[in-house]
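Have a look at this one before I ask anything.
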Amino acid sequence: MALSFDARLHLGGFDYEAAFDADDEIVVLFGHSGAGKSVTLQLIAGLLRPDTGRIANDGRVFFDSASSTNLRPQDRHVGYVVQELALFPHLSVAENVMFGMDGPRSERQRRASALLERFDLGGFEDRAPRSLSGGQRQRVALARALGREVPLLLLDEPFSALDDSLRRTLRSELLRVRREFGLTVLFVTHDLREAHLLADRLAIFDQGRILQFGPREEVFRRPVSRRVAELTGVANVLPGVVVARNDEHIQVDVSGLRLHARTSEAIGVGQRVEVMIRAERINLRRVEEAMPNVVAAEIRDEHAYGAGHTLWFRPLGDGPELEVDLPSRPYEVLDVASRKRWTLELPPEDLHVVAAD
Amino acid sequence: MQLRSPRADIVALALLVGLGGIFAVYFILPFAGLGERAISDGRVWELTRSSEVRAALVLSLWTSVLATLLAIVLGTPIAYWLSRSSFPGRSIVDALIDLPIVLPPTVAGVALLTAFGTRGLVGEPLDELTGIRFTFTSTAVVMAQLLVAAPFYVRAARAGFTSVDPQLERVAYTLGASRVETFVRITLPQARAALTAGIVLCWARAMGELGATLIFAGSLEGKTRTMPLAIVDAFERTSLGLSGAVSLSIILLVVAAVVLVFFRAVTPDDRGSAWR
Amino acid sequence: MMRLRRHSLALVVGLLSVAVVSCGDDGSSDANEGALAGNVVVSAASSLTDAFTELAETFEGIHEGVSIELNFGSSSSLASQIVEGAPAGVFASANQAQMQVVADAGLANDPRVFAQNRIVVVTPADNETVQTFADIAADGVRLVLAGAEVPVGDYARQAIAAADAAEPGFEEAALANLVSEEANVRAVLTKVELGEADAGVVYETDAAISGDAVRVIPIPSEYVSPAVYPIATVGEDPSEVARAFVAYVLSPEGQAILAKYGFSAP
């Protein structure tokens, strides 16, 4: 285990408590601003001090309230990149990268040049940071953070000031760098797609707590609570009551509609639950077939965006209102524009049931 | 006339030129007056070489430079501290440092007397224990200048440090730089323009100090009679009269101009500073 | 503008002593026919501060439409101001030399001596260092005088020079003790009152105002001649009010007020 983190902190009106670990992987810390993501990075970097807890990386203890250990940020050897990048404006690109290095100047210069080469910035050594483009500055910041040959890289929304195409390039570059350097990366973002793209594992932060921590798909598919579902963009969170159960099969009544689902959780008959399904997991059918988990509904409203359409359905009989995402191609093939009434299928394997709070 | 009508802008432009012109003329005339006197009155040039003028200039230069150095040494830590910390009563500390800026210097002089005078709070026990007295000494001149001028430096330095993004310092820490190294290599260079401006202001204020010096240090040639005091003194002396005052004023003007030009030259233009 | 600058300069010069009593109305009331009306600036030596403040108040009491603006400073600085064009209507100097400066510029009309004064040595009441005039030349005494061209400073140096004739070396020793040359007599007095200086030379009248704060040591009469105060209207065409004020100062009522403050008649 590379990083193990466990900290509690009371800061003004802000109450923070979190614990997780990270290996040679990218762990994305996801949540709204003020949820405690950046605080986590600052606690690891040594810029904030926990009230109690233990933080260690590769066996090196950064902080331990039990043994009163608290390494200075200078001694933690952690790469830290912030959204504003904080390049030193009065120093050249090479001087920025050399800032964290030890050794004789010529040696540091050689290493800085080599590092810049790996970030496709060869020949930029003597340039001033402000003369570079946004993406180039971003890479200088990464190179500077890696100049100390750190095992752990903390990235605090490093791409959020950049435009979309640049972000895509930099994300793939980050994936490459992580592999090449064998780094543990903690990546803070509030962008759901970015989280999905980069994360090996995902920690969902809310109000100073980690609500869920686990492999990316696990968290996206199986949110542990309504709040996590909302944060991770699950459009349909439907309150219901369990009406039948055997082995892993469960039947839930949602607004008069009976839905079949699977769950391994200990949920009994009569219990109130939340049934969740992502908007892109619902299928549209032209004809009503004799199969479970279908509901007849009509389009109440719709909204088109670049890559697809979002449709809002009102049930014709019993059942919940539902939100459905449809990519442009199936939208056209099905000719959704010309028809109001549809049969919606909620595949049992895509339904996720958790006990209500 | 409607504010919206195009004529409003024409009137505004005329006003702008008119008022700007008046302002400019008002600023140029006093200096023109000095220049005219200097040219028409032959004694002015003679007097610039007199021993009294030289004594005042030498005294003014070394006391003001010393006061400025003290302001830098004593003021920089507090300016940095004020820019980086927040604590209850911070605004009171801020106000206390700004106080000498808004107070007449004569008040500073009286205040110094009550603290460091022979019967002052600190002055009396100090005199009894060690025989050290401040009043009527060159030390008193420096003390008066320091009290009146240092706030100008501290203010500028505080603003300079505040404008340096603390994120730069935090990142420097994670890159292994100690707090001292970070201050020297990151914070100071970033605040350099503001610090330089503060130093010039502070020095200029020290050089021009009159009221507090007169009250706390007295006036004696070569010891406490700085340039501004010498100007007052010359003005009173019918034998020198305005000629003496003008010649001293011209010298002060030249010194101030030289210093301003020098600092303009060495202060990095903010845009160019990255190309060090 | 000119006038403003002069005033602020005078303010600085008279730091510790100047009290500018400025009365409002620009002579707007002319109640009685033939009554005096208008205002006048009176530039007077610092040593006259208290006496002239009362003189002006009394004078204003007699003539309702009159307003007197008092401008105190060392006679030398007042003379400089007047010669450079400051708008004074009356000048009261603490010696003949400074009045002569104004007269030489053709600005003083018929100067008349209106009072006499004497210089004395003052020393802080609780300071035993100086007991006699001779002591001001003793080693380590901190002596404060007014500047050489300020009348009281001039008188003091004359006295020291006279003592030097009797006892060679006295002048050098006394002037070596000089720690500050103040701008006017009141500044000298304040430095002594505060205990900053061991001794200073001021007018008897000023010493009297300080009361118990200072001890007065007379200067042997063979070393000092009395200080004489001349007064004159200023400018080619002095105003009615200016002339009336000068006449009032010379009148028995005016003399009585001056006597109250320790000045002797001419």
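For clarity, chains are labelled A, B and C in written order, and residue numbers in each chain start from 1.
Everything below uses one rule, namely that contacts are C-beta pairs under 8 Å (C-beta built on N, C-alpha and C of every residue); 3 or more make two chains touch, one makes a residue touch a chain.
Values in this document were obtained by computation on a predicted structure and should not be read as measured data.
Using CA-based centroids throughout, the chain positioned farthest away from subunit A is C.
Chain B has the C-alpha centroid lying closest to the overall centroid of all protein C-alpha atoms shown. Taking each chain's centre as the average of its CA atoms, subunit A and subunit B sit 55 Å apart. Taking the mean of the C-alpha atoms as each chain's centre, subunit A and subunit C sit 86 Å apart. Centre-to-centre separation of subunit B and subunit C, using mean CA positions: 34 Å.
Residues 45-47, 72-80, 82, 84, 86, 88-92, 99-100, 102, 128-131, 144-145, 147-148 of subunit A are the ones touching subunit B in the complex.
Residues of subunit C that touch subunit B in their complex: 9, 12-13, 15-16, 74, 76-77, 79-80, 83-84, 98, 101, 142, 144, 147-150, 178-183, 191, 194-197.
The part of subunit B that touches subunit C in the complex is made up of residues 106, 113, 117-119, 135-136, 210-211, 214-215, 217-221, 224-225, 232-233, 235-239, 241-242. Subunit B meets subunit A in the complex at residues 165, 167-168, 170-178, 185-186, 189-190, 273-276.
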